[in-house]
Amino acid sequence: MDKRLSSLTEAVADIQDGATVMIGGFGGSGAPIELIHALIDRFLETGSPKGLTVINNNAGNGHVGIAAMIEQGMVKKMICSFPRSADPTVFTERYLAGEIELELVPQGTLAERIRAGGAGIPGFFTPTSVGTDLAEGKPVQQFDGRDYVMERWLKADHALIKAEQGDALGNLTYRMAARNFSPLMATAAEKVVVQVTKAVEPGEIDPEVIVTPGIFVDAIIEVANPAQEEELNRAGAHHP
Amino acid sequence: MDKRLSSLTEAVADIQDGATVMIGGFGGSGAPIELIHALIDRFLETGSPKGLTVINNNAGNGHVGIAAMIEQGMVKKMICSFPRSADPTVFTERYLAGEIELELVPQGTLAERIRAGGAGIPGFFTPTSVGTDLAEGKPVQQFDGRDYVMERWLKADHALIKAEQGDALGNLTYRMAARNFSPLMATAAEKVVVQVTKAVEPGEIDPEVIVTPGIFVDAIIEVANPAQEEELNRAGAHHP
Amino acid sequence: MTQKLSNAQIAWRAAQDIEDGAYVNLGIGFPEMVARFQPEGREAIFHTENGVLGFGRAPEPGQEDWDLINAGKKAITLKPGTAFFHHADSFAMVRGGHLDVAILGAYQVAETGDLANWSTGPKGVPAVGGAMDLVHGAKRVAVITDHVTKKGQPKLVEACTFPLTGVGCVTRVYTSLAVVDVVDGRFVLREKLPAISMEELQAVTGATLHVEGEVGDLICPEELADA
Amino acid sequence: MTQKLSNAQIAWRAAQDIEDGAYVNLGIGFPEMVARFQPEGREAIFHTENGVLGFGRAPEPGQEDWDLINAGKKAITLKPGTAFFHHADSFAMVRGGHLDVAILGAYQVAETGDLANWSTGPKGVPAVGGAMDLVHGAKRVAVITDHVTKKGQPKLVEACTFPLTGVGCVTRVYTSLAVVDVVDGRFVLREKLPAISMEELQAVTGATLHVEGEVGDLICPEELADA
């Protein structure tokens, strides 16, 4: 079994119209720019995939990555905690025009819902958002005299994430704060595709330091010297 | 801030009668033998602590570690998934004599309840045990047409765990399958004391490979060349 | 009817259905034997509840490292690609549906797919381990077992009389006499030992064995007969 | 009444209450400034939602590594003992009560301890980030804020009119004029600028300021007045 793919095109080939896609990253750290741009390129060539629901902490910055997906009209809905950034224009304009839906989720609840999706936990209770607008319509239950909101798991058809090292079995490490949501998303999507900065052979990663065991990963594609979203934005990049 | 202690005696000094204590380990791997034996020694000298509720996957093996605690009469109740072992005599005899209580919890539910305790999640739903005797008396709720049992978090007054490396800030790594429940227990107890095989300075552990960040740890005590429970048992050891 | 498969033969048969690259959990005890019989050219990746994925075979006696064990507390070894993780992540793999197959032992399997394998009743010390998690987690839950108990009682039954491990979870049973699927609340016979007649097989089975299409011959390597 | 504390002075005052070894989360924006003013001999350990504990100061311009950022997407640095972890573990730290202090900004704080700091109403794009988790997670939730809005409206009120971030969560407010505790549904004044009278302070506060015992002088380093 070898999970390594040979092209970015292949890596994003099976995402269908209307799919739910988790995309790793927090701001620019951990954003799988090359996978996202390969998906945009596919859309520009074929008109598909569109009508996507995208799950990420944010809603894009500038004109690359998720912002570029939104700009091209591929995204129907964002599920995120913080749709603001240094340059959130693309999302903001479409949101205010009613052209994109937003499900706003507190950040810790977003993380826990994704983890729950991956861990087979359909619902859990959290104190977060109790008594606020974001708890509206959700069951509230008291434990030990304190109110908690019940939240549901979050799953996706696909996850696109970025890792540092990945071996042929899909075992992954991450780089600093670029880890963020990616290990969770790797557990919660039907098909998990990872761009790794360095593809290695099984055994090259110390078993003690593997963050995402290969069982969660379907495919890896090596992208040496990947773009960093923050740096692209500081350089005023656009995709395409 | 330096979380390093200088003696095992000090490490177990504040566990009170009637306390709930999580003890790391799965079988012999990860069992903090020196911490447990220091606690037994304290009990033998002072008569305290007794009436303990102990949370561990098992209920002791042979006449060392948790089995020795039970043998000395320190344990009122075990919360575990599998109270069997190569030599479970100590627990078995007391259980059949009605001298020790048992709360039997499926292993994955035990792990998740401890994680929930550490993560501020008072309740969650799991498919595990639905329709079985172990779900008796627990709320059942349907999600997407499937039944799930609601389980509660599990917390403790103390956790005694074993790690491989620990720095002065409490950052920890583990050794192979000795990791098991310990990173979870470190999050779910009021006071977390760790015996580490090697105490190091902050910065000596690569930030990428820390498994338990120091925020979860209250104190560490270096025990170089720790005993391995399985090896003690194969040698027929008794404590004291 | 004295002929029946050895445990090794049952394990071998179960191993034939495990695909290359499958993630597999083998219950403690007899099911662990399945790992020995991976077909040529296929490599399954074994998961153990206590936080190891992709481990290797048992070490030579004397070479054990007792911090490297499986859920049955037996020593295992590293392989290239082995990963360690904690218990919550381990059961996220189980409960989250990431395992392709779990192969477990059984006291009884019902035609509804119910499984009883953790307790034979209120006597003694109960112990459940990870079985209740596995039966509701793995994509496919199979059982390997002798066809009858030591006393000759059927283990394939209409309804379990022992406490349940899980409801409607088993989809295939590999016994010492047959391979039986659970389909829509019925046992469907897929394979049986050539030497045993349908009537003989039904006589030692506690629920109706249905036939849908061909019943294959259950043929296992002879050299495992005494293993 | 023109005199008031600068943001740096408010941040300095809040920093004085952070104990050595405390685990602290600072909200994005103004609260991040608190990290600059750790008292001599004390060292707090800073947590950021995006998976870093025990990080160091901002790097020199040009030295940023944009994979090493805080929740405000600002570059940070490593320190001996820094740890990385994923978002679920990060919010386990938050929700599980492992943080000693969270210091956040506010649109409004009510005498009940209710906090509004994420939305000023239905216009624009709503964004919540980790604020709702932090207010119910940290052992102590403090607010730093100007005492009034830019238009001079009180930010300390009887009841928040903006959408709530959390109910009954704030226990201390450091403002540009005073230090106020929330005690049993009332504001209790602990310190105020010496130059402001009780009457003047009450006039710019939207709920009754109670006095229990001595009201201290709120005195901050002069050199931070223009910072």
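Per-chain numbering from 1; labels A, B, C and D assigned in written order.
We take it that a residue touches a chain if its C-beta (ideal position, glycine included) is under 8 Å from a C-beta of that chain, and two chains touch if they have at least 3 such contacts.
Remember, predicted model here, so these are calculated numbers, not experimental data.
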item: Mutual neighbours - chains that touch chain B and chain C alike; value: A
item: Both-way neighbours, i.e. chains that touch chain D and touch chain B; value: A
item: Result of counting contacting C-beta pairs for A-C and A-D, higher pair; value: A-D
item: Distance between chain centroids, defined by C-alpha means - chain A, chain C (Å); value: 37
item: Whole-Å gap separating chain C and chain D, where each centre is the average of the chain's CA atoms; value: 57
item: Approximate Å spacing (C-alpha centroids) for the pair chain A, chain D; value: 30
item: Per-residue multi-chain contacts in chain D, two or more chains; value: 84-85, 88, 91, 94-95, 136-137
item: Chain B: positions in contact with at least two other chains; value: 112, 115, 119-121, 126-127, 174-176, 207-208
item: Overall pattern in which the protein chains touch one another (line/ring/star/complete/other); value: other
item: Contact pairs between chains, per stated definition; value: A-B, A-C, A-D, B-C, B-D
item: Of chain B, residues touching chain A in the complex; value: 112, 116, 119-127, 141, 143-144, 146, 148, 152, 173-176, 206-209
item: Residue ranges of chain A in contact with chain D within the complex; value: 26-30, 57, 81-86, 88, 91-92, 95-96, 102, 104-112, 114-115, 126-134, 174-184, 211, 228-231
item: List of chain D residues in touch with chain B within their complex; value: 20-21, 23, 43, 45, 47, 53-54, 78-85, 88-89, 91-99, 136-137
item: Complex contact set, residues of chain A against chain C; value: 1, 115, 117-121, 167-169, 171, 187-188, 201-203, 207-208, 210, 213-216
item: For the chain C and chain B complex, residues of the former touching the latter; value: 48-52, 65-69, 71, 73, 84-88, 90-91, 94-95, 119, 124-133, 136-137, 163-167
